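After this come two complexes, each holding chain A, first together with chain B and then together with chain C.
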Partner chain A sequence: MSGPEHHSQVWTYRTPRARLLIWTGWVALVALFVWCWQLMTRDTIWFFVQDAPRQAVDIGSRMVPPRWEYVPELLVPMWDTLNIATLGTIGGVILAVPVAFLAARNTSPSPRLLRPIALFIIVASRSINSLIWALLLVAIIGPGILAGIVAIALRSIGFVGKLLYEAIEETDPLQVEAIEATGASGAQVLNYGIVPQIMPAFWAISTFRWDINIRESTILGLVGAGGIGLKLQASLNVLAWGQVTVILILILGTVIVSEWVSARIRHAII
Partner chain B sequence: MLRIEKLSKTYRTGDKALTEVSVAVPEGQIMGLIGPSGAGKSTLIRCINRLVEPTAGKVMLGEVDLARLGTGELRRQRRRIGMIFQEYSLVERLTVMENVLSGRLGYVPFWRSWLRRFLPEDIERAYRLLDRVGLVDQADKRADALSGGQRQRVGIARALAQEPDLLLVDEPTASLDPKTSRQIMRLLTEICAERGLPAIVNIHDVPLAQQFMQRIVGLRDGRIVFDDRPDVLGESALTTIYGAEDWQAMRQGDDEQAEAEADAARRMAVLAR
Partner chain C sequence: MSQPAYPTAWRRPPQIVKDRRWRLALQIGILAYLVLAIGSLEVNWERVAIGLERGQRFVMGFLQPDFASRWSDISRGLVESLTMTLTSTVVGVLISVPIGIGAARNMVPRPIYLVCRGIIAVSRSLQEVIIAIFLVAMFGFGPFAGFLTLSFATIGFLAKLLADDIEEIDETQAEAIRATGASWWQLVNYAVQPQVMPRLIGLSLYRLDINFRESAVIGIVGAGGIGATLNTAIDRYEYDSAGAILLIIIAIVMVAEYGSSYLRKFLQ
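Showing the complex of A and B:
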């Protein structure tokens, strides 16, 4: 094999036309940014913005030193928060599993009727934030931990259901076909063909959601749904900045521990 | 005994995979099904246990027409048909024992399979089969921990756990190396002979088919173009099955491979010096 006599030193990744289009795109993006900035800052009161660093320093100085004596009073609400997250996750996962099987194309018993319903449940649950679920539930079942648990569970259905039904759709159809070929019933095919394949995804999704729920449940108290958020709101209302610091440190610690636990669990599965 | 009568399959796309295929497999016969890819080999064996729905024709297993069954009765009849797959199709995250016992799913109620509380005779049979395929000490390993040849042995044990009246075998050696392929084919033919079990084996490897099959059926474009003993399968028959060009290409491929191997051996010898 012999190549051409002379090799060019010029090679371009894009054609001139493509380069022109890309540059036009960037210019348009910058113009859009400038326009948006003007729109955004029209109603800004610049005096407050200039004042911001001073205010931040002021609040910061009030936040130290933390009022450590406040910690014993926080332990029970913190325990409540953990329980809201954990029980809410368990409830959400239990409700999400059947929804996921109804929503997955390869397991849904009726793709025309039940599948759209299951998908709607998932979208509805996901589109409403936990805090808004909690607001509604505090109005319906009254303030307290129960409202928080149910809010977390309802929000988790969508998240777990969506990821789980995607995992179900990604299972290897050959393994399922082999179980079908033995004369197994529909329930047995699920149990032997599908469930073993989605178990790692199931545990990973559940612990990930638990991890998220711990963070979400810390603020549910702001709307009266129990837990540490109640204390946070109470401290903010009386401008007890030292207590706010303690609460934030406690939340940070809890989140770090929960991240560590869920990372360990995920590691153990894989 | 299996009797297929005028079986046709047209896919929804309009592709005619099988056209009026008729063939009978008597008790204890191992029939090899050869043909180029796209000839309808896989479709034919999948139409027998209805993993693919046939468009027309009869599939008589004993006195039952499998092509006419409703879902409940189909499940009961599927228990009589063991299937072995090209990619083993074991449930990778279940243990070897669970995979073999899954051959009994059609016979046990759901709660037993859910709790893995199989009948003592099923468990004994599973151990016996694992012993037969030489894997009894691997029973509690997970299927994905096994090698290709071992997995295919588990696949064989699972099919036999059904106590089938017919074995369907889809390219059993396509994912295996030549030596393991021969071991698996020997095991399959021995087991079929021991039990007088009829089998249909899809196989793309012509020499392997000639070595192990008692009868060879050649399929081309969804029609049977050859049906005889393997020693009758000669140049002209293979040209009919694969088409003159492809058969020459396959043979040439073999020659080229031998040449390439010889060339590689020469070069290695030079390097070693």
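Showing the complex of A and C:
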């Protein structure tokens, strides 16, 4: 007695049809990649690309030793950078809270009209990087710290708003119902039913965004929006690579410290 | 015997900082910081007042975007951005897969683990824009420098998340494969890959989305793409063209976000 011969004796994970489909997908991806690559490198000057290792060595040799005497000049811009990040975060959070309540399905006063508007605000703010916001604001309200703060605030609305409205939608409806049963008004329901539930998430999101904002505010000066980026731009313009090294080390240190602080705070809250 | 009077008013208990003294100290600290920080702001209100009129023009430009008059520049920038996004994501994913496997503690010996984690840390701690400045200085202006920047940034992001994912795989499946006498490569292929593949694809799509957003930024420092076009438009005070570019960016990001979340749902 022999088993059914028409079955393949080797186990395979997928049917031939599925394998064919997957292979077609991969070939299409490779073709798309090659096409994009050719389109992208149409105007590339390959001489510069071949020259790059030499340039890298050249810049690297100019970057050491770091010019440590430059540090005192950097302290005030660093303070400005911290202020841009912190005040911008506060502003962004204040603006984001009402947007989040409008965008959450369970608290939005009019899901038909206001919710799409709030969602659009969130998407628009999220899709435009803070550097682009800064570029616009420097053109509009002039160079300086204020442009940086407003740029950070505008960018933070989307991030904080999105995470916060998701937190609001995940709240426990039973607690809200319990508050409603006491005859509480709409504002009281929000205040006693929803706010206590989202408070930890709110602080965690805010500190997380603050940490990201420190990172982003270090480069806002490249377009004139104040902070340590201004010094970076100035040093790059005069090719003072030793100063660039010092600035980069300082930025790296600040970012690591702020990340540690925000991780500690979030750990303590959650 | 008199009963202690029941409290008639209720105050909500503090949620986060429970100690009263700590709360007070925190509040004073925050207040002091705010006074200092706002005191050190130097705002030229005259300039801001002048700017408000410009701001109005910008809002008008945003409401009545002008796609036509700079269309050739805009479309060139867009093509650069989109091609840069795709190529850098593909290359970044290809490089970050081996690094991600190397950075998983349960897959490799300790020295390799440390080297790969080091690469990830370097790539994650540097801002895209700062990397772009250096790569533009080395490779010259244009989308090639942008492509390299985005690929480099993709490695840090994807390799870290992939490594964390591999460290959390179901060990029993890996042990089952090991028990068959499988080699290391077979282990990766049959125990790890099926477990992390859906997430890897999801993360790659998410990174595609991020790379497009970033490609709009690094153009400001000369790495090609739609950011360069936007920068030029703002420098020329052509707010209607700038508005058009911003609307295009928002539209593409929205499409990418919904598309990638749909695809991820479909794949999982």
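As a working rule, the second predicted complex is superposed on the first by the 257 of 270 C-alpha atoms of A that agree within 3 Å, B and C clash if a C-alpha of one lies under 4 Å from a C-alpha of the other, contacts with A are read in each partner's own complex, and residues count from 1 in each chain.
Please note the rule applied: a residue touches a chain if its C-beta (ideal position, glycine included) is under 8 Å from a C-beta of that chain, and two chains touch if they have at least 3 such contacts.
Since the structure is predicted, the reported quantities are computational estimates derived from the model, not experimental observations.
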| item | value |
| --- | --- |
| Clash or fit (per the criteria above) of chain B with chain C on chain A | clash |
| Chain A residues touched by each partner, larger count belonging to chain B or chain C | C |
| First, second, both or neither for A:Ala139, with chain B first and chain C second | second |
| Chain B versus chain C as contact partner of A:Val64, first or second or both or neither | neither |
| First (chain B), second (chain C), both or neither touched by A:Gln175 | first |
| Which superposed partner A:Val49 touches (first chain B, second chain C, both, neither) | second |
| Partner chain(s) touched by A:Asn129 [first = chain B, second = chain C, both, neither] | second |
| Partner chain(s) touched by A:Gln188 [first = chain B, second = chain C, both, neither] | first |
| First (chain B), second (chain C), both or neither touched by A:Pro196 | both |
| Chain B versus chain C as contact partner of A:Val10, first or second or both or neither | neither |
| Part of chain B, among the options 39-47, 57-65 or 111-119, whose backbone runs into chain C after overlay | 111-119 |
| On chain A, positions contacted by chain B and by chain C | 192, 196, 199-200 |
| Residues of chain A touching chain C in the complex | 29, 32-33, 36-37, 39-41, 43-45, 48-49, 52, 55-56, 59, 79-80, 83, 86-87, 123-124, 126-129, 131-132, 135-136, 139-142, 144-146, 192, 196, 199-200, 203, 215-216, 218-219, 222-223, 232, 236, 248, 251-252, 255-256, 269 |
| Residues on chain A engaged by chain B in the complex (per definition of touch) | 172, 174-175, 177-185, 187-188, 191-193, 196-197, 199-200 |
| Chain C residues touching chain A - in the complex, by the definition given at the top | 12, 15-16, 33, 37-38, 40-44, 47-48, 50-52, 54-55, 58, 79-80, 82-84, 86-87, 90, 125-127, 129-130, 133-134, 137-140, 142-144, 147, 213-214, 216-217, 220-221, 227, 230-231, 234, 237, 242, 246, 249-250, 253-254, 257 |
| In the complex with chain A, residue positions of chain B that touch it | 49, 51, 75-79, 81, 83, 85, 87, 89-94, 98, 102-107, 110, 113-114, 155, 158, 162 |
